[in-house]
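First chain A sits with chain B, and in the next complex the same chain sits with chain C.
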Partner chain A sequence: MPSTRRFGLGWVKTFVVLTAMVIALFPVFWLVSTAFKPYNEWQAWPPVWVSRQPTLQNYRIVFFPELAQKFAANEKGNLSYKVSGSAWKAFADSAIISGFATFFSVVFGTLAAYSIVRFGIGGTTYPFQFLTVRMFPPIAVVVPMVVLFSALRLSDTLTGLILAYTAFTLPFSIWMIRSFIEETPEELEGVAMVHGMGRLQVFLTITLPLVRGGILATALFIFILNWSEFLFALTLGGSKVVTVTVQVANYVSASSGKLYGVQAAMGTISTIPVLLLGYLIQRHLVRGLTFGAVKR
Partner chain B sequence: MAAASLLVSALSKRFERTAALSELSVDAQRGEFVCIVGPTNAGKSTLLKTIAGIHRPDAGAIWINGRDVTRLPPKDRNVSLLFQNLALFPTMTGFENIAFPMRIARVRQAEVEAGVSEVARLLRIEHVLHRRPSTFSGGEQQRVAIGRAIVHRADVLMLDEPLTNLDANIRIALRIELKKLHRELGQTVVYVTHDQVEAMSLSARIAVLHEGRLQQFGTPDEVYNRPANRFVAQFMGSPPMNILEVELSTDQGAIQLAGDGFRIPLNRLPRGQGFSRLPREVAVGVRPEAVRVKTERSPETPFAGEVFWVERLGGKNILDVRLGRNLIKVVVKPSHAASRRGLAWFGFSPEPHHLLDRATGVFFQ
Partner chain C sequence: MAGAAARATHSAGNHITERQDLMRERQLREAAIQEVGDEAVGPSCQRSGRYGAIARTIARRMPFEVALALPAQLTVLAVVLVPTLVVLWLSVTSWQPTQGIPWYKAEVVWLSNFVDLVQDADFVSAVLRTVFIVVLSAAVELFLAIGLALLFMEDWAWRRLAVSAIIIPMMIVPVDAANAFYMLFNDQGPLNYILSLLIGRTVQIDWLGDVHLALVPIILCEIWQWTPLMFLLMLTGLMNLPENQIRAAAVLGASPRRVFMRVILPLLMPVILLSLIVRSIEIFKLFDPVYIMTQGGPGNATETISMYMYHGAFMFFRMGYMAAAALMVLVVVITISAMLARPLMRH
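And now, the complex of A and B:
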C-alpha cells in the first residue's frame, strides 16, 4: 500500500530533518543563550540552558567597557577583567576589509571566469591551477606571508589584509562564477553581437544581468569567508588592525581565563551583518538563473 | 564575384583536435536561397557562426557584398543569424525581442513600431508581442526568433535549422511561409538543415557538407540526379540510393555490368571515360524509385529477388529486397502486387553517370 509507505517514509524524513536541525542549530542557541548569562552561569554544572538571571552586561563590556565597570560594582558574581581593543573599531575594520576584499574578489573573479569560459584563456587545466592555491592549508603559507608583508610594509594595514583576502578567495569566486557563466547560452551573446553590439557592451548588458543572482550568491559566500577569517587576521594584523574574529579572542582575563559570555555577545552581534546581507539579496538568490526561452 | 552577395573561400576551422571546417568554399548570389545540408557534426552551424564572425577562422576568407569581412567583428558584417536554439532574451517581451536589432541601431520609436508590426503580421505573431518568451509555444518561439532575424535588413540572412523540433504540420506551414517571405524580401539567405527534403523544396542551390568538407554544391536537381559521391547519393533522397558492387566488362563492344544476382547492359560509358581507363571493380547507384518490380518474370524484370520486409508509409511502400547478396530498397505504389514477403522480379537500367569508383566512392562523370 503506497500511501502507508509514503506516510512511514515521511515520518522518518521528518525525524531525520529535525535531528539535523537540532544538531545544526544547537551551537547557535548556545551562543545566543550564553551571551545573556552572568559570569557564574557561563561554565556552571549542570549546564544552565536559559539564564535564570539574564543580563546585558556582556554586551556592555563589548560596546561600552567604561559603563560596564560601573554596573559591575552592583552585580553579583562580579569578575575582574581588563578589556583590550575596541569592538567598534573591530567591526569597522572587519567591514572595510571584508567589504573591499569581497568586492575585488568578485569583480576580478567575474572577469577571469568570463574570459576562461568564453575565450578558453589559459587552456583547459587553467581553472584547476587556481584551485591548487586552496589545496594546501593556509597555515603553510602564513609564515612566508608575514615575512613578505613586513618587507612590503603591508603588515598590520587594511590594504594588506584586503590584498590577502582577495587573493585567497579569488579561486572560489572564479570557480563559482564560472559555473554560472557556463549556464548562460553563448547564443544570446551571439545574437547581440550579430545585431550590432560590441563584446564589452554584450558582457555588460546581456551576460551580467543574467548571472547577477549567481554573482550575488558568490559575493555572500565570499563575504562570509572573509568575515569569519581568523588566521591571517591574527598574523598579518592584530595590533593596529583588529578584525571581529581577533577581537573575540581578545576577551580574556588574567584571573578567570576566557570571558565566554562576552565572546558569545560579540559572536552573536557579528552574525547580524551576514544575516542582513543574506536577507537583502535573498530575492536574487531565489530567482537564480532562468533561461526559459532557450531550446535545450 | 561582383554579383556574389556572400563568398566563402577555403575556410578552415579547428576546435581542439577536431577539424570542424576544412577548406570549405561556398557562395550565394544576391537574393539567392542557398541550403547547407549535412548530418549532425557536419560543420553546418560552425560555418554559419564563422560567417557571422562569432568564430574566428584558422584560414580562408569571407566576402560579403564585395567586402572582405574575415577580420571584422560580428557587428560590422551586416549579417543576421537565427541560432539553432533561438536564443530569445528571456526578460524581454516578444515585441522587444523582435525590436532588438533596431534598438541597437537606435532606430526611432515610430519606425521600430512599424517594423515590428510588419514582421509580426508576416509571421502572424501579433498576439505574442506583449508576452515573454517563456509563455510562447514552440512555433511562436520559432516565429519570434525568425522575426528578429529578418527585421534586421542584413546583407545575408542566415537561418540555422529554423524548423527543427517543430510539429510536422507547423513545419510545413512555416516552410511555405519562409519561401514566400524570401520572395517578398529578396534577401540573400543561407539556410542550414539536416532535412534533405527541406533543402530540396526551399533552395536554389544546395551545399552538402560531411565532416567539415564540401561534398557537392549544386542545384537540387544536380545534387539529386548527379550526385558527386557515395555520401551525397545516400544522404539526398529517402530511402537513400542503392549502391551495388558490379564488375565492368565488354562483350563485343557492348558494356556489361555484372553483380551478384544480376547482369545488365550499360548503354554507354560515363562522359569522357574510356573503357580501358576505368577500373574493372566499380559500383553502380540505383534510386529506389528507379527499380522496376513485377510479380512475374518479364524482359523488363529479369532478376529474381526476395522481398523480406515491407514498410507501408501510406503514400508509398518501401520494399527491403535481397537480390543475390545485395540488400536493396525499392519504392513502389501502395497498391503494388509485390508488396508482400516472398519472391518477386526486378529490373533496372542504370544511368552512365551513376557509375562510381568502388575505392574512392566518387562517381565517374
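And now, the complex of A and C:
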C-alpha cells in the first residue's frame, strides 16, 4: 500500500492526471450534451458545447416513436425518417434476456466451479476448455448458430439469445466464482462432513453462504456483459427481439444519416444501468475481466 | 403394485379408506426411495414411474462432482460443439440461404472454399488489418496504463476521485462509446474544432470518410475505452508488489529509472503478460465500433475479421464460404490458446 501521503503531486504529475481525467470524461460529456440538443445544433459549426436551447425532444422520440413523424414536419422537411420501435420494448427485451442469461450462467457456473475447486474434476486442463469459448470470435460461431437457430425455430426469440448469452458468459462465471471458492477454507467442509452432512448439504449450507458476496459480484458483472452485448443481439435477434444496443444502432435514417441527438439520448439511458452496476462492483471488475487471475 | 391390488379389492363406494390406502402407498414408496437413494441422489428421486427409475439409476451411478459440472458442460457443448460441427459441414459446401436448398442438402465443393480464401485479398487484408489493430492498441494501452499507474502508487488527496474518473470509459456500453467517438470525429465535430483553434485555421477533416484516416477514430475509441482496464490491472499489480524490495533498491542508491527497469518491471511481468493476452483476445474480436462508425468502409478500409465475416454472411449470404473462414479463424484461435494455456497455468 502507499507509503507516503501528500496533498500535492507536483505540477507535472498533476497536469498529466488532470489531462487523463479530461480525456476520459470528454466523450461522455459530449454524449450527454448532445442528448439535450435540438436538431439544428447536432452538427453545428462551431460545435455547440452546451445547448443554448436544451430540449427533451430526443428523449420523447426515444420513448414515443410515434412523435417522430410530427417532429420531422416541424423541421421543414429537413429530417424525414421513421423511428422503429420504442425504448420501452428494447429495455424490456434487454432486461429479460440479460436477467435470465445471468441467472443460468451464475447457477451453472457456481456448480461447475465448486466441482472444479473441491473435486478437481477433469484435471488441471479442464477449466481451460471453458476459456476457449471466450477466445472464439463470436462471429465465427454466429454463422453456424444462425443456421441452427432457424432450424430449431430459435432465431429472433428471447430463448435463443438467453441460450447464447448463457454459454458465452459461462467462462467468466466459472473462473470468477472459482477464484472466490478457492479463498474459502476447505477444513470447514471436512468438519461438517464428519458431523454427518451430505455433500450437497455441505455445499448449500457451508460453502455457498461464504461466497455469497462473490457470487453477487459475479452476477452483476455478467449482467453488465449481457446488457452491453451487440453482435449476438444483432445477428440472432434484430427484428422481433430488439435489445438496447441494437436499438441504439437503429437510429439511422436514409436521408440524413445518424440521428445524433436521438442516438445520444438512447445512449445515455442505455448506459446508466451499466455505469451504476460498474461502480458498485468496481473492486471486482479487474478480477472479472481477467477470469479471476488478478485480485485486489 | 400391492397397493393397486388392495385398491381393487375395496369397493368403489368407500372413499375414505381408498384415500388412506393411497397415502400409505405413497409413504411406502418414499421410504423405499430413501433406502435406495444415497446422498448423491438429487431431487429427481422424488419422481416416480419408469423415467423416474431411469433418472434414479443415472443419478446413483453419476458421481456428485460430475452432476455439478453437467449443466455448464452441456450448455457449452450445445452452443459451441454443435455449431462447430455445422461449421465443419458448411465449410466444404457452397451453401447460400438464397439458393432455396436446405443447408443439409447443400452442394459439396470440398476444399475449394479454403483455396479461394487464401487467395481472397479482402480476407487476407482483413486478417492483417486486425492483427495490426491488436498489436498497436494493446501496446499503446499498456504504455499509457503503466505510466498512469506509476503516478497512482503514492497516496494523495484526490486520488480516489481521479481513479473513479479515469475508469469511466470502461463502464460505458461499447456501442454508445462508439457513437460518442463518431460524433467527436465528425467533419464538423468538436475534435476538428479544437484542431482548428490550435492550428489557427479551419480544419474539417472527414476522418471516417477518408480511406487513410478511418482507422484512427476506431483505434482511438478502443484505446480510450480499455486503457482504464489496463490501468486498473497495472495499479493492482503495482500495489501487490513486495514493497521492501523496491525500497531496498532505492536505499541502495538506485535511480528511480533503474528501480523501475530492474526491480518493478520484472516483478510486474506476470501481470503484464496476462493483461496483454486478455486484451489481445478481446481486440481480435473487434466489431462494435467498426459497425457503428464505418461498417467497414470506406471501401473496406476498416474491415476487421469480424466485420468481413458479418458482411459475407449477412449481406452477401455466402454461408459456406464464411463457414470456411470461421473454421480457419477457429483453428488459429484454438492453436494459439493451446500454446498459451501452459504459461498461463504457471502464473
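As a convention for this text, the second predicted complex is superposed on the first by the 241 of 296 C-alpha atoms of A that agree within 3 Å, B and C clash if a C-alpha of one lies under 4 Å from a C-alpha of the other, contacts with A are read in each partner's own complex, and residues count from 1 in each chain.
Everything below uses one rule, namely that contacts are C-beta pairs under 8 Å (C-beta built on N, C-alpha and C of every residue); 3 or more make two chains touch, one makes a residue touch a chain.
Remember, predicted model here, so these are calculated numbers, not experimental data.
In the superposed pair of complexes, A:209 makes contact with chain B only, with no contact to chain C. Between chain B and chain C, C touches the greater number of residues of chain A. Using the contact criterion defined above for the overlaid structures, shared-chain residue A:198 touches chain B and also reaches chain C.
In the superposition on chain A, A:44 makes contact with chain C only, not with chain B.
Applying the stated contact rule after C-alpha superposition, one finds that A:185 touches chain B and leaves chain C untouched. When the two structures are aligned on the shared chain, A:108 is found in touch with chain C, with no touch to chain B.
Residue overlap on chain A between the chain B contacts of one complex and the chain C contacts of the other covers 198-199, 290-291, 293-296.
Within the complex formed with chain C, the chain A residues making contact are 1-9, 13, 16-17, 20-21, 23-28, 30-31, 34, 43-47, 49, 104, 107-109, 111-112, 114-116, 118-119, 121-122, 124-125, 128-148, 151, 163-164, 166-168, 170, 174, 198-200, 227-228, 230-231, 234-235, 244-245, 248-249, 258, 260, 263-264, 267-268, 270-271, 274-275, 278-279, 282, 285-286, 289-291, 293-296. The touching residues of chain A, counted against chain B in their complex, run 185, 187-188, 190-199, 206, 209, 290-296.
Residues of chain B touching chain A in their complex: 49, 52-54, 73-75, 77, 79-81, 83-91, 100-101, 104-105, 132-134, 136, 141, 148, 152, 165. By the touch criterion given at the top, residues 39-40, 42, 63-66, 68-69, 71-73, 75-76, 78-80, 82-84, 86-87, 90, 103, 148, 151, 153-157, 162, 164-177, 179-184, 186, 188-190, 193, 204, 224, 228-229, 232-233, 236-237, 239, 243, 247, 271, 274-275, 278, 281, 284-285, 287-288, 291-292, 305-306, 309-310, 313-314, 319, 322-323, 325-327, 329-330, 333-334, 336-337, 341, 344-345, 347 of chain C touch chain A in their complex.
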